[in-house]
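Labels A, B, C, D, E, F, G and H are assigned to the chains in the order they are written; within every chain, residues are numbered from 1.
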Amino acid sequence: MSDPAALKQLLELVAQGRVSPEVALGELKDLAFESVDDFAKIDHHRQLRTGFPEVIWGPGKTPAQIAKIMQVMGDRHPVVMATRIDVDTYHQLQPKVHNLTYYPEARICALIQESPQVHHPGTISILTAGTADLPVAEEAAITAELSGFAVNRLWDVGVAGIHRLLSHRHVIAEADVLIIVAGMEGALPSVVAGLADCPVIAVPTSVGYGVSFGGVAPLLTMLNSCAAGIGVMNIDNGFGAAILAGQILRTAAKLR
Amino acid sequence: MSDPAALKQLLELVAQGRVSPEVALGELKDLAFESVDDFAKIDHHRQLRTGFPEVIWGPGKTPAQIAKIMQVMGDRHPVVMATRIDVDTYHQLQPKVHNLTYYPEARICALIQESPQVHHPGTISILTAGTADLPVAEEAAITAELSGFAVNRLWDVGVAGIHRLLSHRHVIAEADVLIIVAGMEGALPSVVAGLADCPVIAVPTSVGYGVSFGGVAPLLTMLNSCAAGIGVMNIDNGFGAAILAGQILRTAAKLR
Amino acid sequence: MSDPAALKQLLELVAQGRVSPEVALGELKDLAFESVDDFAKIDHHRQLRTGFPEVIWGPGKTPAQIAKIMQVMGDRHPVVMATRIDVDTYHQLQPKVHNLTYYPEARICALIQESPQVHHPGTISILTAGTADLPVAEEAAITAELSGFAVNRLWDVGVAGIHRLLSHRHVIAEADVLIIVAGMEGALPSVVAGLADCPVIAVPTSVGYGVSFGGVAPLLTMLNSCAAGIGVMNIDNGFGAAILAGQILRTAAKLR
Amino acid sequence: MSDPAALKQLLELVAQGRVSPEVALGELKDLAFESVDDFAKIDHHRQLRTGFPEVIWGPGKTPAQIAKIMQVMGDRHPVVMATRIDVDTYHQLQPKVHNLTYYPEARICALIQESPQVHHPGTISILTAGTADLPVAEEAAITAELSGFAVNRLWDVGVAGIHRLLSHRHVIAEADVLIIVAGMEGALPSVVAGLADCPVIAVPTSVGYGVSFGGVAPLLTMLNSCAAGIGVMNIDNGFGAAILAGQILRTAAKLR
Amino acid sequence: MSDPAALKQLLELVAQGRVSPEVALGELKDLAFESVDDFAKIDHHRQLRTGFPEVIWGPGKTPAQIAKIMQVMGDRHPVVMATRIDVDTYHQLQPKVHNLTYYPEARICALIQESPQVHHPGTISILTAGTADLPVAEEAAITAELSGFAVNRLWDVGVAGIHRLLSHRHVIAEADVLIIVAGMEGALPSVVAGLADCPVIAVPTSVGYGVSFGGVAPLLTMLNSCAAGIGVMNIDNGFGAAILAGQILRTAAKLR
Amino acid sequence: MSDPAALKQLLELVAQGRVSPEVALGELKDLAFESVDDFAKIDHHRQLRTGFPEVIWGPGKTPAQIAKIMQVMGDRHPVVMATRIDVDTYHQLQPKVHNLTYYPEARICALIQESPQVHHPGTISILTAGTADLPVAEEAAITAELSGFAVNRLWDVGVAGIHRLLSHRHVIAEADVLIIVAGMEGALPSVVAGLADCPVIAVPTSVGYGVSFGGVAPLLTMLNSCAAGIGVMNIDNGFGAAILAGQILRTAAKLR
Amino acid sequence: MSDPAALKQLLELVAQGRVSPEVALGELKDLAFESVDDFAKIDHHRQLRTGFPEVIWGPGKTPAQIAKIMQVMGDRHPVVMATRIDVDTYHQLQPKVHNLTYYPEARICALIQESPQVHHPGTISILTAGTADLPVAEEAAITAELSGFAVNRLWDVGVAGIHRLLSHRHVIAEADVLIIVAGMEGALPSVVAGLADCPVIAVPTSVGYGVSFGGVAPLLTMLNSCAAGIGVMNIDNGFGAAILAGQILRTAAKLR
Amino acid sequence: MSDPAALKQLLELVAQGRVSPEVALGELKDLAFESVDDFAKIDHHRQLRTGFPEVIWGPGKTPAQIAKIMQVMGDRHPVVMATRIDVDTYHQLQPKVHNLTYYPEARICALIQESPQVHHPGTISILTAGTADLPVAEEAAITAELSGFAVNRLWDVGVAGIHRLLSHRHVIAEADVLIIVAGMEGALPSVVAGLADCPVIAVPTSVGYGVSFGGVAPLLTMLNSCAAGIGVMNIDNGFGAAILAGQILRTAAKLR
């Protein structure tokens, strides 16, 4: 129903009074999208529906494809972002897309036409177990900030030095949502979730060696946590953690 | 610092005016717990801190241990629950603990001294892909209801019959948090998360055979979902999903 | 029996009237092949038997070996193709084999002496979940087209935006065989198989990260699908999917 | 749209001439289903759409649930079947459902109101590597026969005695679709596919020990087959193989 | 060389003055053992050499075999123990071996002819994360006590309630060796090792469900710990942990 | 060609002088077998060809099927054996098959019409690491003895007591083939192969717990052995080891 | 409590006589650390507490980060070391940090202000199975030597040539702690632990190919060892082995 | 006992008549080896004992180490070989070691002082499934030839074209030992073992993609083979297969 003919038909029905505008809006919310040169289908109404921009996942796409999708999306959205963009890809995108901003630690490229403001209530606190977990944590932080959320960063508070964590207990106490990023054995979320009274999202990272199996070990730790109620993400998926954290704070706003 | 001596010392400091009541409350919130016959340590203040009762995970504990812990906890909490309790264990607990309620599908045993009321805003909608996923979904539903949340159930709407799901789109639209329970290939959360604009929690189940590997296959599906921001639980962990969903709604209430 | 001596003996038996030509044809259909410099044995009659050319799988063979096999096969077959040929290998093959065609997205190299026409009934529709799945889908598409089948392409209709798929339901309805190509969580075949009433072939791709385990996650999804009757291929095996789709349409033609 | 209200509305639109009967039929084909006591949703039109009955997968459902679903489905369909039904479950179903037929080797229970006739063209040949693979092969055979297809059985022709297989080459030659069932190392489909010129479907079984890993070893063998174009099923999934084989023969009928 | 002939020869050499008693003792320390009915070979000098009795690992041995080995060993050693002995096996052993002591939680059976005294310096402290880890911890504790070491037990101090652990910090501070027993995610050793300044031995347990994979998850956690220097045991191997702890304290005694 | 018609045709060709007896024997050696009630195909000439009887692998076959196959085979062979037969199955077979011998440790059932004599040169020495590995070792020993080979048994000489092994070095030195059976970590074959100068066959067993993963750990140990040239069997496959050992001694005999 | 404010407060309490110096020392022992530019938190008192310097794990940190942390730590500690430093990283560190020492085989970089002396009793003997295990063994050896322990090295004594090991039995006999480093099948620790009467630490290495799975095979061997009481490390973790060995000798010294 | 002192003592004992020359020879056969610069220990008598030279496994050793070991060994042995030597390493070895021969397909480097002659009875036939398996097969072939065995090569006879294999049945019939090398699904050994009446050794290769998992799939196939008695090697271990094949033929010679 979402092809032009279907849309035309829907609008004619509205014009004829057979479909009310409210109903038509509901229909449109679900259906509209746009094709980009056949290789991609952009869902413009998704932001309306889910509150976040269509984000481009970089791997497996050519720089030319990424640039094209960014431009088409940029015509309609104030902020467009692409994740997992390494420096080389960024250098290939720069001449093709105007006004690109690059966040090297987060490996995020963004086309920002209006500077994002904090326009949602609450704070997302992001903790890492080690210094090497920083890129994943920054992916989460930049995603959240570009989506209009306030972020609080706390790095290198892993459980082997429990007092480093306990001395920052106020960061945990003041958070409305927590994102915990950890590689190696990934034990930090268990300890934090025992101290927190807000939702905890855990992101395992591929930091480690040997039987860390590229992040499988901390993933298992987080899924098996004896601290109940931790929502777990795929390995290195800082982006997804930020989206879930954002959805939690938006839900709060809706319930008001 | 949390042993009796430490607590006494803290209270003396308050009495002497050297520690303010506010500070002391903060300290107490973290520290107090109680030993049960040496084999378990109950954390009475945890409910204060995280908003949920200390729940007893049944497996690996003898009925006598479970009964003892329930009684000690029951002295201080209006609702005490034990999960993963099969019918046989329930029958062994019944003579030992008064007023036990058993939910056979959810495999939950509860000691309820005040009937739980919905005392938090918002609705948790729980969906299953198939009929066989029901026990895990009920574990989530009963946990949420005993914790004071409103629950909406929708069973058997797996993706192989997509219209069964689409015809219940209003359940998705009206939810404040979604818990999606699925075994086999576990694809339901991906489709639902694309339609929803609230947080989505996914629970893989051990329903399936062959290369479902006891629930590993749907777990991987959920962690790899192309729909960003799904919080994933351990296999069959309906309880954990309810806790996270509850924390999300409590956070919303706090932010108001 | 297939060495020269055996063949000579068989023909003599025919000449002597002791073996009928029909029987001899049957024997020949199974047996004849040819050695290429000892390192490869080509099965010229395979096309007679299975309806598809002997295709060269590139990896682990030197460009010199590939070129040699292509030339020997080219003497007898109108179309010879090699798969998994990257650009570098193509450049090494080009001076060695005349009239090579290269399909960069499909990573296929072909020696085409007669342009392939559609000479089988029916249509193979190929769908991808994402843009990054395109190389595998093109491997399937080019293989099918070079084998004489009509192909219909539909890219980027993954389940997280279910309406993109539903709005192209006619592609599913009109297909005689469907090839569904998906990485990440690989949920697309389950949804499509629920909508289709023709055979569905699923190809997992190595697109993804973390616990996609190089395509194992979508493979498991497809094997565990709650939609019954999906035929599953090895990871990234677009070629195999095209062969099975072609065999299905050829069988249909034979049954007429 | 598929709830009673939606259906009523659709029919009113037809009555008013605003929706043509053709369009309405198309809509109905996709949408109609029925709820059974909330725990299951039956898709009555699925047979219309995919040509096969909604089959009940037994595991994880109580006998009472299975019986209830069978009865509701039996009101509308000439043949209803349930798979993975062990003898004990059958004995619990028998008093609850009239006229139940049980196939012990195939572990299938069926409610047959009209004896199924062969009403599709072509033959499905089913081969097993060993005697112990028989239950899975019978699941495929009975499913195919109950769905109206002609079946040819050939048991115990594994590759370690290649001449047992070669002496039955005519079974391979005469098949329109082949289902190859094998446990242990699962090599049979590779050899058969090299001899056949029709579609080959492979089903790994859990027959074996040690590093057969409950059927994972033959599954890997089949997915990695050097014979191109084999469609692979989940471990022990004879049912799925029959559905795919049936869809292939139905496609042939449609193309005529 | 360790058969009777060899031993006789060695002693004759000593008698003849060709081998000094010191040398002979060294030889004997390595070599002597005894056959029990062909199915087992007992190493009597092992206790001399490693300081611990030859312990019988129960699984895979018949009660008759266990009883026979216990008796042969009991003739020479003051304490003989068998591990992984369930209650049924114990009841079969009881009539066959006199004076058997059974420790049901530890699943250890012992033939004790002299009550074991603490005859080594230092204390082994054993901690568990949960109540369900108790059997493994008791296997360690009883093994250590029967071997003559002082043991300190502390149960149910898992990391999700970090203050339960911190309030017992003196147990950690006073230990000479620590054995940490944990299932689920197994994070306790990481936290403890960060607080301790003595050797830490970690034992993963099979307590858990889903992706705990029977104890693999906590095993990986312990091997990947960011707290350096933890010695890890096989899953549920409380016995091995006690042996290593004992060897550490014995080394201390030797260095004096 | 191996069905009755084919055999008749072959013999007629011989009678007519068109096929020489030598050629016919060669053909017969490959082809002849017999069907048992459709569920099994017996290869009578296999013993001629490989020197070992067709052995029945018990699991997955009903006692009735096993008995029937044994009887058909017993008509032509002096010794017929079935492996992996537990005591219960033996008791069901006993009334159905006359003169059955049962080896409980080896779990082998045999129909012996002529007592097997040692009729091949050389000795097969079989070593186990522990007492619990005995059933697998006995499966190898009985198989070898029933096939006419001399066997030498040596149990419980695992590497943790290296002198138990070294004191039996003559067993290693005198062997013509060695079969080493080991569970747990499976290190014994590496040490033995370093001492031996004859072929070494290694059989991992499922003896162990935790990360032995049912025998995968010793299997990996044996495949990775730094002692070159060890031939490895599937887990618990004592039967296969005996067959390979026998083939080695038969080859030796042929080469003389 | 460990931020400046907290420390100031603690010291004021001491000055006012409300906290005794003993108590304050205890507090300080746990709490003090220092932030380095936000990306790392250094725990200066850890050496006091655990007897070893805070060591920098190189991977995932930029050379600039490593250099900065080394300098901050170098202000307070006589020896600072960084592990897993390849030659390229060393060359980038050299101009940034004065007086750097590089151990190429051990891949360790150290800032040594006082030459480390042996200041602990006892000897750590380190054995390798092969020459290729040397880098891991040297990581252990250098770590131990820089921490003030005496080290004894013995390379290339794998079990396939058991006499190479037995002829060095005195190295085993004289050790106070043994570190056994082995790749491939990793059987060396089992044999050594059977000969030794001191604690044995095992380190699997990634030396091997095929099913060594990057060191998983020797890891499993070590965890499953039939020689009780071996403490196992993560793959290639020579550093951790040295820390545990050191803690064992320090404990011995404390117990004197 | 194998250090110079021990050897001297042994010889003195012989000189004094206290040890007979026979006994001394036996002792020497086991014990003698030589250290190379501490990093390697060469076992000169191993060839005496096992009939094969000490072969150098290249990976993880520096070219300087390899060259040094080759030279030391070359002083005593007519043929010294190093495996897994890529072209670059060969070029680094060439100036350091005189008269080096390089076999590029087999990746073997050899120092040959006497041309190896066939000096053992029997023939080793080596078969590959595909062209890409050639390097592993050549490693086996060259190793066998350098060790003095006759080799027969047959490439590219995989099971998907079963007649290519059957037409070379004489190669199978004439072999005294068979080495079967196969990647992808690895089914060739099962078929060959069913046809052969000599020992069969199977070598899985890492040829394949997707779920071949670097050779694990064909390894599992070979271990699970329904053809009994196949001796399996680690992935790509052509060298080991040649050693086992050689030991089998040597055993034949000994039995004469």
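A few comments on the model shown:
To be clear about the criterion, a contact is a pair of C-beta atoms (placed from the backbone, for glycine too) under 8 Å apart; a residue touches a chain by one contact, two chains touch by 3 or more.
This structure is a prediction, so every number in the text was calculated from the model and none was measured.
Using the contact threshold fixed earlier, the set of chains in contact with both subunit B and subunit E is A. A centroid comparison over C-alpha atoms places A as the chain most distant from subunit F. For the touching copies subunit E and subunit G, the fraction of interface residue numbers used by both exceeds half; the interface is of the same-residue type. At the far end from subunit B, in terms of centres built from Cα atoms, lies H. If each chain is reduced to the centroid of its CA atoms, subunit B and subunit C end up 49 Å from each other. Put simply, the C-alpha centre of subunit E and that of subunit F have 38 angstrom between them. Computed from the mean C-alpha positions, the centre of subunit A lies at a distance of 59 Å from the centre of subunit F.
The residues of subunit C that reach two or more other chains are 30, 130, 161, 166, 195, 210-212, 216, 219, 223-224, 234, listed in rising order. All chain pairs in contact, by the document's touch criterion: A-B, A-C, A-E, A-G, B-C, B-D, B-E, C-D, C-H, D-F, D-H, E-F, E-G, F-G, F-H, G-H. Against subunit C, the residues of subunit D that register as touching in their complex are 30, 49-52, 55, 121-122, 176-177, 195-201, 219, 223-224, 228-234, 239-244, 246-256. Taken in their complex, subunit H has these residues touching subunit G: 1-3, 6, 30-31, 33, 38-41, 43, 46, 57, 59-61, 65, 84, 206, 214-216, 219, 234-237.
Chain contact summary for the complex, subunit D toward subunit H: residues 129-130, 158-162, 166, 184-187, 190-191, 193-195, 208, 210-213, 216-218, 220-227.
Subunit C contributes residues 130-134, 153, 155-157, 161, 163-164, 166-167, 183, 207, 209-212 to its touches with subunit A in the complex.
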